[in-house]
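Each of the two complexes below includes subunit A, the first together with subunit B, the second together with subunit C.
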Partner chain A sequence: MNRHLISAGDLSRDDAVLILDTAEELASVGGRAIRKLPTLRGLTVVNLFYEDSTRTRTSFEAAAKRLSADVINFSAKGSSVAKGESLKDTALTLEAMGADAVVIRHPASGAPRRLTDWVSGRVINAGDGTHEHPTQALLDAFTIRQRLGGGGALGAAAGHGDLRGQALDGIRVTIVGDVLHSRVARSNVLLLATLGAQVTVVAPPTLMPYAVDSWPCRAGYDLDAELRKSDVVMMLRVQQERMNAAFFPTVREYRRRYGLDVSRMALLPEHAIVMHPGPMNRGVEIAAEVADSDRSTIVAQVANGVTVRMAVLYLMLGGAAEEAA
Partner chain B sequence: MCAMRPEPGHEPGAGSAGEKGIFPRQATPRQEDPGPSGRQGAASASVWDQPGWKAVLTPDEIRRALTRIAHEILERTHGGAGVVLLGIPTRGVYLARRLAARIAEFEGTPAPVGSLDVTLHRDDLRLRPARALQRTQVPPGGVDGTTVVLVDDVLFSGRTIRAALDALNDLGRPRSVQLAVLVDRGHRELPIRADYVGKNLPTAYREKVRVQLTEIDGADSVLLGEPAREGEEDR
Partner chain C sequence: MTSSASAPRTRVKWIQPSEAGARGTDPGASGEGTRVSENWLITGASVTGGPGTDIHLRDGVIAEIGPGLDVPGATPLDASGLIALPGLVDLHTHLREPGREDAETVETGTRAAALGGYTAVHAMANTEPVADTAGVVEQVWRLGQQAGYVDVRPVGAVTVGLNGKQLAELGAMADSAARVRVFSDDGFCVADPLLMRRALEYVKAFDGVIAQHAQEPRLTEGAQLNEGEVASRLGLAGWPAAAEEAIIARDVLLAAHVDAALHICHVSTAGSVEIIRWAKSKGWRVTAEVTPHHLLLTDDLASDYDTRFKVNPPLRTTADIEALRNGLADGTIDCVATDHAPHPLEAKETEWAAAANGMTGLETALRVVHRAMVETGLLDWAGVADRMSVRPAVIGRVPGHGQPLVAGAPANLTLYDPAGETLVDPSAHASKSRNSPFAGRALPGGVVATFLRGTATVLDGKVTR
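So, the complex of A and B:
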């Protein structure tokens, strides 16, 4: 049994559905007068962030605090890392402080995996290099189930039925953009496929990973054709910092071929939703009108981030410290 | 607390196959009443195939007990004004609904029903793997200023009810809180007692009480048994 959440591929279908169901119940806590549960009282969660992040870090922090865990925020800037401390030494420091869980974001793919050898607490990957970002995939899956479950493409009667136990069987998801560098795309492909969705990735040929054939998804290059048969379209951020590497000629050309504007959105089926993991480049991969439309779930994704991360923290830390026999 | 134990087999992308999972899982969240020992649910389904369970309440007796409790609630609350019934999942919720139906029938005033999951407030969370959450549903009017009647199937150690009181505290401030249970089996570990009891059932500590309800088990019954020790995780 795994103790850590490093890759969305570590999750079995049952695990994933359990997380979504737990999040479903925890969502109501956000709407109450007292947004706090005593469940993780006395446990310490360390947010170890070697890369900038607002959304993910604050979301993990809010999730841990709502479950009454103590949170220590540790960012590389302004810490001993700036003085050249290695990840291992930092890990040993955290270990000495008694971290029950470490939430790590690191620019190097595989850093969280390495960290599991050095700390006795549980490790949660909050994004490592171009590898994975499993909690983002979980909150995306949660958002998809929330918007399309109990109606629409999941088939059941309309309205808000009981979503518990439901996976995403048959939902058609198209992930568009810089797939090559996107950890969000990798985690989503793995998780959504596990949950039974049919995933297609669409990217300029230069931004399509070599090994995409080995992924549990289809690859396509024609966005318009894919949009017509999508229930969900997930736009990835164009990583502006990589523009100089000449993956595509100009922003304008990228926008014309792979950007989602109002006329492209019209190609989508009636019920389809538009997702974006944020932060967005309005006017590049997604037009402002699209981002602000009813179909966009971008704000819901942020809100769901807290509940999904609460579910992950509860399921990883809320039970017995050592796995039962 | 936790020994360092890096696990093999979570290579990234190692796939979704097989038995492994990040989270340990209980078979069923709640069987009978809690208690530090009471129900380490894992044995749930198989327990039923074992002999040694005997029925202590028949469907008719359950029906009459609930009818009496409904009358008692109406009596004690002067007609049921301001009463909110909150069932504790799983079976307490069905009992709460049945009580509400009777109250509506006897007095013509529908009593709001909801459910209150206490998992996140339990004091024994760390003793076993993380458990799936059940639904918490508070009636639209909320609980502020109402008389909340908590409804559960079996009252044993009292720890579930303590957790329920804490959970309720986060939802609002009822004017008063009462407790209705179908079976009180004794062995309290906390200063808690029920206001309405379907049946007082003297039991030995290691015996198990199991309530079955038509809504989920197909038939009404209360059973008392002493499952084989083998395979039990208790203590």
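So, the complex of A and C:
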């Protein structure tokens, strides 16, 4: 594994499968009476969050604490230039505190990459602007493997047997919505392709990335056509700020053409699952009945988030913990 | 930073002029500044790539030029193996003074210019306060006079405060001591088509030219990097080529309609070259510049979010570079202009989106053109002289610069050693700022000497004072 986790593209297929396998083993910890492992005792993990994200921050916090790391939550809202301290100075502060790992969420694409120039600890990207969110992709891959098995004989293997060592070969994943601005989509396209899945992105042309043909996926505008041949459909959140910026005429029209409602869900193959990284706009990109249906993995994704982040911290910091011990 | 062993800088045997012999007592021919006239005999120089010849500089002019000159009393300068070019003229320099003296001053910026082989630079208007009045342009012009390294030609703002709303007093700036002829809101596009039309028309009264920063503002809101594969992968908001090309297309039509002079700043896309080529084929009064960095660097350099590569207009693709080089070679693009844009460290030591746009360029421009245009066979040294001195002087209406090196011409010239290759080390630059995109990169050649009206501003690759 690379020293840092900045992009899902940093992960080889072996790296990614190792993370999923490790998460599988760690998942059993969550079911035990004592839900803590001593693995990262004495190490400090800093959650450096420049954006509000209770969901992701608490997930990383829980993951680090279950591995017995010391956790410092460092919330630094607002642009680093407009007010207060620069990212570099914050980095130097964290460095002085002895951060072994920095988990960073930042509104600017590339901020985690810049951070690696200024800190000696490991840097984990917890979402940077419209760039990437690699641990979200890992937890999504974990969830897909959990629900559908490692690909190949779909259905037969679904949810059963030993998943260890399996990738996602041949699984057809359709990612729908604001692909242009989505860090979740970027990371998922890269990681799922690495794991052998066949990824298709569906968006109105205004929200399709300019050079999507250079991505390792197919692209289309017709959701209904893609749903019929999807094992997984992943709905992306429509950000409020897009709704009034001429990307589409009205929310109503967006819902009609790209929203996943009950009748559209019926187009999916029987085994197919519905995913959403949250937070959802119920009634916009996903209907409440769909979000709450058996096909929905949305709650499982949250639970898996902690497990997968434990695996990432364990694999990235495990060596450091041994040195410290 | 290390430099390669083949540093060419010490090739000139430069003899300290004696008090009696080298320096006369006449005031400089220009009447500007207080320096006394120098008396130089440059020997063996290759004038714009021709056979070796001698050049005698005296009283601010080229007194004589030809092989085998014998001038007792003149300070000899052995220039064998060196290329003599007319002093370079930059149409696009940010000297930052007044207001951002932390990034650059007229003094440091013009010293950098002299080291790059320049004898005249155009100081862009986006200072604080903006150069939108006769008072500010005269101040910048005077600071240039005092520094004395190059002639500083202030560029006047087109609109008050660069706000794109109201024309600045262009006539007052033209009539001022600074004799402003180039007007630009550089950094901002004059986006309002009616205002652009009026500006183009208005400056005809004093033979002015509007230098447009072609960037359609709505199409580039929040834009960070050339809209293409790299920006798409990096999650950086795209900066479409069409946003530049749309403004150029509009403005060449306006310039044609009112028969006015339009200059396009820092052309960066293949499509822009096509539009300008078409406009020129119609005989319209359109000129254009390209920066050294757009001739050599591509957007994939941003892959690690290294903010040294953040610039406006953004770095583009190899296809754009090819079109720009060919456009410069065939004359569609008239000249090279540096867009030297110094920034303090803290303006670049940030996340990409928060970083300032811009790169330094004065001290590397000629070497970059050597690499991009001469080594590739697209231009010879006469072509370089044309694109970096003659044409920019014509476009900027700069008297006394960009003239062929012949007897009687003002002694503005630079001596360039084309041999060898060294790594660029910004910490050794005279510019106050270090944001060179070429840091650590090997570039050929080096400027050995620069003369402004017969006075050496640079000798042996170092400023003379």
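Couple of notes before you dig in:
Following the convention adopted for this analysis, the second predicted complex is superposed on the first by the 301 of 325 C-alpha atoms of A that agree within 3 Å, B and C clash if a C-alpha of one lies under 4 Å from a C-alpha of the other, contacts with A are read in each partner's own complex, and residues count from 1 in each chain.
The working rule: a contact is a pair of C-beta atoms (placed from the backbone, for glycine too) under 8 Å apart; a residue touches a chain by one contact, two chains touch by 3 or more.
Bear in mind the structure is a predicted one, so any value in this text is a computation, not a measurement.
When the two complexes are overlaid on their common chain A, residue A:87 makes contact with subunit C while staying clear of subunit B.
Of the two partner chains, neither subunit B nor subunit C is touched by A:276. By the touch criterion defined above, A:172 lies against neither subunit B nor subunit C after alignment on the C-alpha atoms of chain A.
Within the superposed three-chain model, A:211 lies in touch with subunit C and out of touch with subunit B [touch as defined at top].
For subunit A, the partner with contacts to more residues, out of subunit B and subunit C, is B.
Of the two partner chains, subunit B is the only one that A:10 touches; subunit C does not reach it. By the document's definition of touching, both partners, subunit B and subunit C, reach A:131.
Of the two partner chains placed around the shared chain by superposition, subunit C is the only one that A:111 touches, whereas subunit B remains out of contact. By the touch criterion defined above, A:36 reaches subunit B but does not reach subunit C.
Taken together, the two structures place residues 110, 113, 131-132 of subunit A in contact with subunit B in one case and with subunit C in the other.
On the side of subunit B, the complex with subunit A involves touching residues 1-7, 9-18, 20-25, 117, 120-121, 125-136, 166, 170-172, 233.
Contact residues of subunit C toward subunit A in the complex are 224, 227-229, 231-238, 240, 304-305, 346, 349-354.
Contact residues of subunit A toward subunit C in the complex are 79-81, 86-88, 106-111, 113-114, 128-132, 183, 186, 209-212, 214-215.
By the touch rule above, subunit A contacts subunit B in their complex via residues 1-7, 9-15, 18-19, 21-22, 25-26, 28, 32-34, 36-39, 67, 110, 113, 116-117, 119-121, 131-132, 190, 194, 314-325.
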